[in-house]
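Two complexes, one shared chain (subunit A), two partners (subunit B, subunit C).
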Partner chain A sequence: MSDRRVVVTGMGVLACNGIDVPSFWDAISQGRHGIRTITTLDTALHETSFAGQVPLDNLTLVIGDKKNARRKDRFVHLALRAAAEAMAMSGLDFKNWKNPFRVATIVGSGIGGLTTIEEEAKVLAARGPSRVSPFLVPKMIVDSAAGDISIMYGAKGPNYCITTACATGSHCIGAAFHHIRHGQCDVAITGGSESPITHLGLAGFNSMGALSRRNSSPETASRPFDRERDGFVIGEGAGILIIEELEHARARGATIHAEIIGYGCTGDAFHETQPDPTGAGGIACMRMALEDARLNPEAIGYINAHGTSTKYNDSGETKVIKQVFGDYARSLMISSTKSMTGHTLGAAGGIEAIVSVLALKNGILPPTINYSTPDPECDLDYIPNTARAVRTEYALSNNLGFGGHNASLIFKRFGD
Partner chain B sequence: MSEVRTKVIEIIADRLSRDKATITEASNVIADLGADSLDIAEIMMDLEDQFGVKLDEDQDLKTIGDIVKYIEGKVAAK
Partner chain C sequence: MDRKRIREEVIEILANKLHKLPPPPPSWETEGEDEEPFDYDAQVIKPEITDNHLDIAEVAMDLEDAFGVNFEEALPGDAGMESIGKVIDYIQARIQTAHAKTAKKEDD
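So, the complex of A and B:
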């Protein structure tokens, strides 16, 4: 295996509880959520009336002019804005790449431009096919965030989008990490973005019975691992990282926030939406990541869990963690930051990679908020309600997607 | 200025995010105003809706003047 090491040199985030890295980390480390009643659409006919929405109506600032802004779906605007923050933080001189073919863009979305699809389906029904927008396809296709980011930064290396529902962001980062480790590029812009809070998004997830219906108390609805959990809280956002080969980062004097050292990915081959009750896919996934990182399970200090706040995920993930870590599972500190961000689907892997990096860097492990009633099937340490100041060396981030897609990433605190 | 010309300039200025005052009959929609094939497809739909005519995509229309003349012909033939 190649000895090329890969580090994180830039991060950009948008979530319901923070619209850049400083405000987001402030919220996450203090247990502050951003889940509210939906105001952008009429939810009268929906079973669920709340979500984790990014508190910004106008996301066109990065793009600049109205003509170009109109051509992008909200999920692309979110991705572009997060990428701009990450690029600025990295200090990379993107106008003067030494070799643009060494810069990858691997950014995904679970769904893509749902808002656009919905709007144009209405046009089709009301006015016929000849009035469907020529921008429908470029706006809705799920790879458009990757395409648009690469255009913005002139990045001509490996360029694509991986779509694996809720595991999308983690798979994108894992693939980008391996591209750099294997020498195919030196820098990658990577992560995920999602904007699913539309009539179809709410209706579709509700019809599955996936969403929390705690309309009387949206602020306590996302309660991963708590016995009273009743489904996930849908959220929007983006999490984009700049990752870079270590010597490339050192040579330009970049600030290094953490190292990425392991990636695992497996499938359940079981059911469209339910996790395999044996957990075999999840177990193999975390083991693959540990092996990729050349680590013993006992090295991991913190797990940023998938922890969606659904009945089956949280008990299933707990079981999987116990199988991988054995007795040591009880010493692990685990949290689900979806308790504060809601479940941002394809963005979750990007956002939670950023949480994991900042947790290692700052020596603060964020909490699982809204935890009040222990569930006998979820009996590990979920860092209930209050962050912990703990310096730990290794963090593992899990994300598991509908379709049985499992992804695990391992990060290492950076220090020479 | 003809009514058609005023309306054509208004629609194109809006779609391409340009100042109406800077657009003349001589403005080339692609070279001067920065439209691409997708913009043009969208503008054609808007013009069809505005003037209640069916426009032929194969016309070689380069400038605002070309478009105005073509539409005036279509409107007259209605």
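So, the complex of A and C:
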């Protein structure tokens, strides 16, 4: 086991309830959501008319070169803006890397440039192949966020994208954690970004019955663990972290927000979209993270759950938590902040890592909002509706993706 | 379409997409009145304005759409169309060829 420790020195976030870390944390810690009726599409023919949209139009999102903004999909603009906040927070002098090959960029997206794909598919159908934009491919591919971030910051170390649906962001952070711990780099820009609120995105998730259809009350639609939950609320956003080897951070006097101490990843090998009802993959994933962190289960004070507000996930995740933590599960404080952000798919792991870090740092555990009717299958403490001022040492963040991808990260409070 | 109109539209399209090219004057009627006119015709495309092949492909499509021509063997910036002036000449020649073919068909 390596002696190299990995810490968080920067964070950047965009979500429907906050366009930077201060506004996001303010909303999360006070139980404020950002779920609204969709404003950028005509949803008349869709079964769901609401989502968690980042309240910034495309041009406002762009940093730097506004004239060439059209050459990047929205999910890349979200990633770049979050990366800019994270980099500024870290205080790293990216224009003068001692060795740029020691700086990694591992940023993912579940779907990538869905807006671009839809637009160019229309061009193809209407005007033929010769009119498809030469920018289609670089705009739509899921690795373009990682590529563009590395270009912006001159980062030449390990550079790739992981795509594991809703576990994407967590897997990216875990991979970056490993690279630093194993000595292959000292700094990593990592997390996830997603912009799936398009006609195809809405239609596709609705066709499989995954989305809430609570159109009469969008603000209460994302209700993880509640008995009346009827599906997730699709969201967009980005969560990017700067993580760094501890001594590298200390040597430059960086502010350290938390430490990453464990990572687990497994597969269900069960179904394209449903979790294994036995929970074997999720159980093994959390146990792997705990073993990696060298922690007993009872050390964990807070779990930021995957908690999507779907029937299968929430009851399944509850069952898995009980298996891993035994009787101690009743003492755990668990919440799903997807109740406030919606489900941001590939960005969720990045955004929720930031929530976990801030929860530890500030001693405030965010709530699961819209919790009003207990479900006998979900009978743990989900911090219903109001945040709790509790100082805890260790937080675990779960994210699970279609295809049976499981990821768990463990963070430790730093300092004092 | 005369060369003057072709020129104005080519420069508008290129300036809109290739941002190293100075923007055209607010009115073509006043081009060069207040200061030394920018010599768009002599401006070499690659690499001065761009050497990005995606940029070139995109402006080529825009020019094809605007003028109903095709860049078959070469693109703007390639040999024979190194400068904006030569691109304008190419488009003018293509338009004239197309008109001549149309006129001949009508005569036949």
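In this text, the second predicted complex is superposed on the first by the 407 of 416 C-alpha atoms of A that agree within 3 Å, B and C clash if a C-alpha of one lies under 4 Å from a C-alpha of the other, contacts with A are read in each partner's own complex, and residues count from 1 in each chain.
Criterion: a contact is a pair of C-beta atoms (placed from the backbone, for glycine too) under 8 Å apart; a residue touches a chain by one contact, two chains touch by 3 or more.
Bear in mind the structure is a predicted one, so any value in this text is a computation, not a measurement.
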Check: So if we stack both complexes on subunit A, do subunit B and subunit C clash, or do they fit?
Finding: clash
Next item on the list: In the overlay, answer first, second, both or neither for which of subunit B and subunit C A:Lys66 touches.
Entry: first
Next item on the list: Could you look at A:Pro134 and tell me whether it touches subunit B, subunit C, both or neither (first, second, both, neither)?
Entry: both
Next item on the list: For A:Thr255, select first, second, both or neither according to whether it touches subunit B, subunit C, the two together, or no partner.
Entry: neither
Next item on the list: Mind working out whether A:Thr37 is in touch with subunit B, subunit C, both or neither, as first, second, both or neither?
Entry: neither
Check: When the two structures are overlaid on chain A, which partner does A:Thr386 contact: first (subunit B), second (subunit C), both, or neither?
Finding: neither
Next item on the list: Across the two complexes, find the residues of subunit A that touch subunit B and also touch subunit C.
Entry: 67-68, 71, 130-131, 133-135, 138
Next item on the list: Would you tell me which residues of subunit C are touching subunit A in their complex?
Entry: 19, 53-54, 57-58, 61, 65
Checklist line | Residues on subunit A engaged by subunit B in the complex (per definition of touch) | finding: 65-68, 71, 130-131, 133-135, 138
Next item on the list: Within their complex, state which residues of subunit B touch subunit A.
Entry: 15-17, 34, 37-39, 41-42, 45, 49
Check: So in the complex, which bits of subunit A are touching subunit C?
Finding: 67-68, 71, 130-131, 133-135, 138
